[in-house]
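For reference, chains read A, B, C, D and E in written order, and residue numbers begin at 1 within each chain.
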Amino acid sequence: METPEPIVNFHSVTKRYGSGPVVLDNIDLTVCRGDFVTFIGPSGCGKSTVLKLVSGLSPWTTGSVSVLGAVPRAARDRQAFIFQDATLLPWLTTQKNAELALRLRRMPAAERTAKAREMLALVGLDRVREYYPRQLSGGMKMRVSIARALTLAPQLLLLDEPFGALDEMTRNHLNEELLALRAQSPFTAMFVTHSVAEAVFLSNRIVVMAAGPGRFHAEVAVDFGYPRRSVLRERPEFQTKVNEVSRLLHQVEEVPA
Amino acid sequence: METPEPIVNFHSVTKRYGSGPVVLDNIDLTVCRGDFVTFIGPSGCGKSTVLKLVSGLSPWTTGSVSVLGAVPRAARDRQAFIFQDATLLPWLTTQKNAELALRLRRMPAAERTAKAREMLALVGLDRVREYYPRQLSGGMKMRVSIARALTLAPQLLLLDEPFGALDEMTRNHLNEELLALRAQSPFTAMFVTHSVAEAVFLSNRIVVMAAGPGRFHAEVAVDFGYPRRSVLRERPEFQTKVNEVSRLLHQVEEVPA
Amino acid sequence: GRREAATAPAPANALVKIRFQTDWFPQPEHGGYYQALAKGYYAAEGLDVEILPGGPNAQVMTSVALGRADLGMTNGDDVIVAVARGVPIKMVGAEMQRDPQGILFHSAHPLHTLRDLNGRTLMAGAGSTWLQVIKKKQGIDFQLMPLVGDLARFMNNKEFVQQCFVTNEPYFARQRGADVGALLIASDTYEPYRVMFAGTAMLAKNPELVRKFVRASVRGWVDYLNGDPSPANRLIAAMRLDLPPEFLAYSIKAMNDYRLVSGDPTKGEFAGQLTAARLRKQIDLLQEVGVLDRKVAVGDVASFEFIPKN
Amino acid sequence: MRLWLLPVASGALFIALWYGVRVYSGLQSWILPTPLEIMEAAWRERTRLLMAAGNTALGALAGFLLAGSLGFLTSLLLGASQSLRASLYPWLLVLQMTPVIVLTPIIVLWAGPGLPGIITVTWLISYFPIVANMTQGLLSTDLNLVALFRMGNASRLQEILLLRVPSAMPYYLAGLRIAATLAPIGAIFGEYMVGNSAGGTGGLGFLVYSYNTQIKIPALFATALTSCLLGFIFVAAVALLNWAVLHKWHDSFERHDH
Amino acid sequence: MRLWLLPVASGALFIALWYGVRVYSGLQSWILPTPLEIMEAAWRERTRLLMAAGNTALGALAGFLLAGSLGFLTSLLLGASQSLRASLYPWLLVLQMTPVIVLTPIIVLWAGPGLPGIITVTWLISYFPIVANMTQGLLSTDLNLVALFRMGNASRLQEILLLRVPSAMPYYLAGLRIAATLAPIGAIFGEYMVGNSAGGTGGLGFLVYSYNTQIKIPALFATALTSCLLGFIFVAAVALLNWAVLHKWHDSFERHDH
């Protein structure tokens, strides 16, 4: 086994938006190739902000961030980002929306149509390819967004609560598909979710974050090894891990009011 | 105990959007005063549509719908709707957004300010009252939307995945707060969620829906009685109920692809 | 409102208010009226005259017809056309025996008669009566460009010809070093007056005031052109900071040279005169080229009783 | 159905009001002709009006298309970069705010009198509303979608063509709608300023000039009416375009059902 | 910082081009004066230009405010109901598309010549872009937010004032920006059409006449320059308003950081 190659590095990073309060406080993080790192923590603790720093969509305030050996922006061609909102173009159909990322990469039309169809089928949207976003349900919109990102086969995939609007079955199914895709064409993932079970099922590392200001509270290694099948969820060591992460979460979360 | 008063009635309701396919097929439903009915089912099966019919935001195609003894629109003054999206006005601060529903009801400024503050505190947003929506995280936006609806103290509350974007702790906390509010000033609730545990914890009735076309697959009564405390979640009969609903869900969900 | 000012019986010694509407910003071509005002000729007739300066779209005839002004001045043709359209006004005296409209040309490409317009491009007011007359009556053919008010294109192009006031534009063109001439449009076949006119209501109710006004105005004109024009020029200059004194002098000289106000004494013309014969001829001509809606009699367009005797 | 009746009804009201004003205020036909008088004049002068309308339509259409396309392209430049915006916008404003009368000699000299000059004036008049609107539209793009494009490593051109342009369409179309009303009056104004004609045939601008001088007021109003009808054709064309571009996805086309 | 230099740099380029055209094309100062000649003329005529600019500013400001406020109110009516829109919009278009020259006699008659007439003309010219834009804005409101208001049992008035008006602000402000450039030239045009010189001094429109007949072309361009400067004040005021209204929440104010 090779030594893992670090592809995302945060060194003493702090972040504030404009002149607002500190949102991320003194963060250190190394994500290695092949990692599936999940960030979990209370609403507003800065999970989306971490992903925005990695993607270069938002600048950090102090410290340093490097991604795939470069400044974050320079690594975008090897990244894909599933945003917390679906961010579909309202004037494009489902099919065209799913093709968008490939279109931006100038893939020939026929090829990208096929690729987008494939991913739309994966997320179960083959029947609404000609619908406009305003004709889709909330979960369907989110699935279009997921399909769009998956067409890219990126080296680094950023996922911000991609499955939050989906029912458990679809969610589990997509979890498994995601891991299957990763086995086919390996990518590194930085993942945000509120579901501890999902985090445990998908990741090899879970970062539990605390709020006010946002910081890393603890990291949990999940060493079940890939590939993982749905039966894993039934196994007692899975539940043990879930409990461990939940306990950590309870430590950081002060219930409001 | 009085005979329960029916306040929402669907009789053989079908729904299609424009000339599209059938989205809800032959639905019959009676919701009685004090019910907490949860709709659960695969993404795109028509849960949001059911709530839209009750609120009168969308017309049904055949059959009949009556709400609080009237056509749906006429009952809006006694309803509140938490949409699947936060739908905040981008030009208003958190505080002003939370006040909006009361402002539409022409409540005097001082009173509504106090009420909105109270609800913002409940959802843990007291520190961002002066933020604009674009400065909030996804979960924070959703919580503003929840606070806004709760200021109204409605007779009938429609909730479309209100807690989907929240972490488990906040979610559980808000679940309990919701029940507490309901104990104070009783309301009937129609609730959509993808979390079976949440459904079981909150509801006295759970409707499991199937897709293609959307229809009611089964109904489960949850007779734990209110008030319910968080310890309920630890009890074995809770888990039994969760398992029962999950099993029903597995029946209806055909995994895509 | 405003109408009563002219019709109310004047108390003894009090001056009767008269509003007089001109067709343009104050300029030497209005000099006679300002002279009459400055030298007290109106006051001497018992009139308190207010000269309402015009401007673009001054709507002189409309103003008078609606009683917003008591009298006004404009081109004689226009009054005839307006009367034929039913506008209730009448000429009451001539301001100028000939309208000062002319055509400005570069001496390098001169116009000796209107016939020389054949085949050239003329910038002029589209729809002007005189255009119809020379086109239809004299068979002259030319390209027409609407008159906007700029002389830049004229200055830039030696073949350009442009409608002007002979009393006005030539001065400025020469000032800028151009060698130009101006051909008066009025000729034997077509001789429009420049006239004073009043509303028919005013004529019916208060002919005496009209008589006094015309008399004093003609007196003012004669004095302006033959005597010392400075009283009027001072009034004009106060409202027209842009006009140099030399221009005022030029304009007065041009009015004298072309005998616009006094007319040709050998033909029996004099300041203020309107003759039925010339108006008849004018009406016939307009009728012939088709700009009149209906037949009008000389008596419909003018009243000769106010013209001061020479 | 009923919606078609409303303008007719309000039109009837408007005409009644018109007659009322005429009668009550004692105005006469040389100030405010009645609709009937205008229709009579329109009928009398129909051949001249039609010919003139044809001429004007040509200038208006060419000027409008020029404004629509150049306005679009200019906005792309302005929307593309803040530097270009800072460099060009002030000079566009200068162009827009310089009274046409001052430019008339230059226009005639460079574009030529007659149709080319008329087209230039029409363009000058209807160009800026398009630029102002489209530029605002390009800048108003949803920043979440911009972030999506940034993440997709979209080129500046892709961001503009695939994202900003479609999302600016409602603004562009509102600008086109303004331009559609300005084009015919712009052409008339252009004829007024830089038109020429062999001996008196020209567009509606010529007729306006000559009817005005000749105090043919009903005919003047008939000319105005013709210009309005011409304008309606332009506006209708833009409305159709608006529908075609937006109805499938934009919120200004309210779904009956959502 | 650098952003302020750009228009200056492009201005220098523009002026160089201008000189180039003058020299290369052999034009003379009565067609295209050089910037220097214009500045000289502006300095020479400074008192008159200033006084005239003052007069014009008055007409322009009054007309602009009238257009801004009436345009706002009209759009509320049009945005409020489809029936009102169907009834009124066609007649607004007629008003907009009737050449001002045709209305001039009526304007002079009803509003009076001089300032009132000038204000009316300015209003007529700058009114419609505001109405067209604001109406489009009112109709473009996010339908999800409309649903929120429907659920809140909002009255029609609340829906308009609390929802549609704020969300139409970017459109309204784009309309105001267009109107801001139109107001000064509208006032000049108004002076040109219905001005008089009561009181002895006129506005810039009067100077245009005067300089034109007197062939003072550099002074004419200096007048145009003055009109542009006046226009810039209007545009700057609107830009300020735009900033004040939108910067906190609207996506056209790009956050450096999101």
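Here is the rule we use: a residue touches a chain if its C-beta (ideal position, glycine included) is under 8 Å from a C-beta of that chain, and two chains touch if they have at least 3 such contacts.
In this text the structure is predicted, and so the values were computed from the model without any measurement.
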item: Chains touching both subunit C and subunit E, listed by label; value: D
item: Shortest path length from subunit B to subunit C (each step joins two touching chains); value: 2
item: Two chains sharing the most C-beta contacts; value: D-E
item: Chain centre separation (subunit C, subunit D; CA means) in Å; value: 39
item: Approximate Å spacing (C-alpha centroids) for the pair subunit A, subunit C; value: 86
item: Interchain centroid distance [CA atoms averaged], subunit A/subunit B, Å; value: 27
item: Chain centre separation (subunit B, subunit D; CA means) in Å; value: 50
item: Subunit C residues counted as touching two or more neighbouring chains; value: 62, 66, 148-150, 152, 156
item: Subunit E: positions in contact with at least two other chains; value: 30-31, 101, 105, 109, 143, 147, 192, 208, 212, 250, 255, 258
item: Residues within subunit A bordering two or more other chains; value: 17, 57, 85, 134
item: Complex interface listing, subunit E residues touching subunit B; value: 144-145, 147-154, 158, 162-163, 166-167, 169, 248-250, 255, 258
item: Residues of subunit E that touch subunit D when the two form their complex; value: 3-4, 6-7, 9-11, 14, 27, 30-32, 82-83, 86-91, 93-94, 96-102, 105-106, 109, 128-129, 132-133, 136, 139-143, 147, 170-171, 173-174, 177-178, 181, 184-185, 188-189, 192, 205, 208, 212, 220-221, 223-224, 227-228, 231-232, 235, 250-252, 254-255, 258
item: Subunit B to subunit E touching residues, read off their complex; value: 55-57, 76-77, 79-81, 83, 85, 87, 89-91, 100-101, 103-105, 132-134
item: Interfacial residue positions of subunit B with respect to subunit A in the complex; value: 17, 20, 40-44, 48, 84-85, 121-126, 135-140, 143, 160-161, 164-171, 173, 194-196, 246, 249-250, 253, 255-257
item: Of all residues in subunit C, those that touch subunit E in their complex; value: 25-26, 52-59, 62, 66, 148-152, 155-156, 168-169, 172-173, 175-176, 238-242
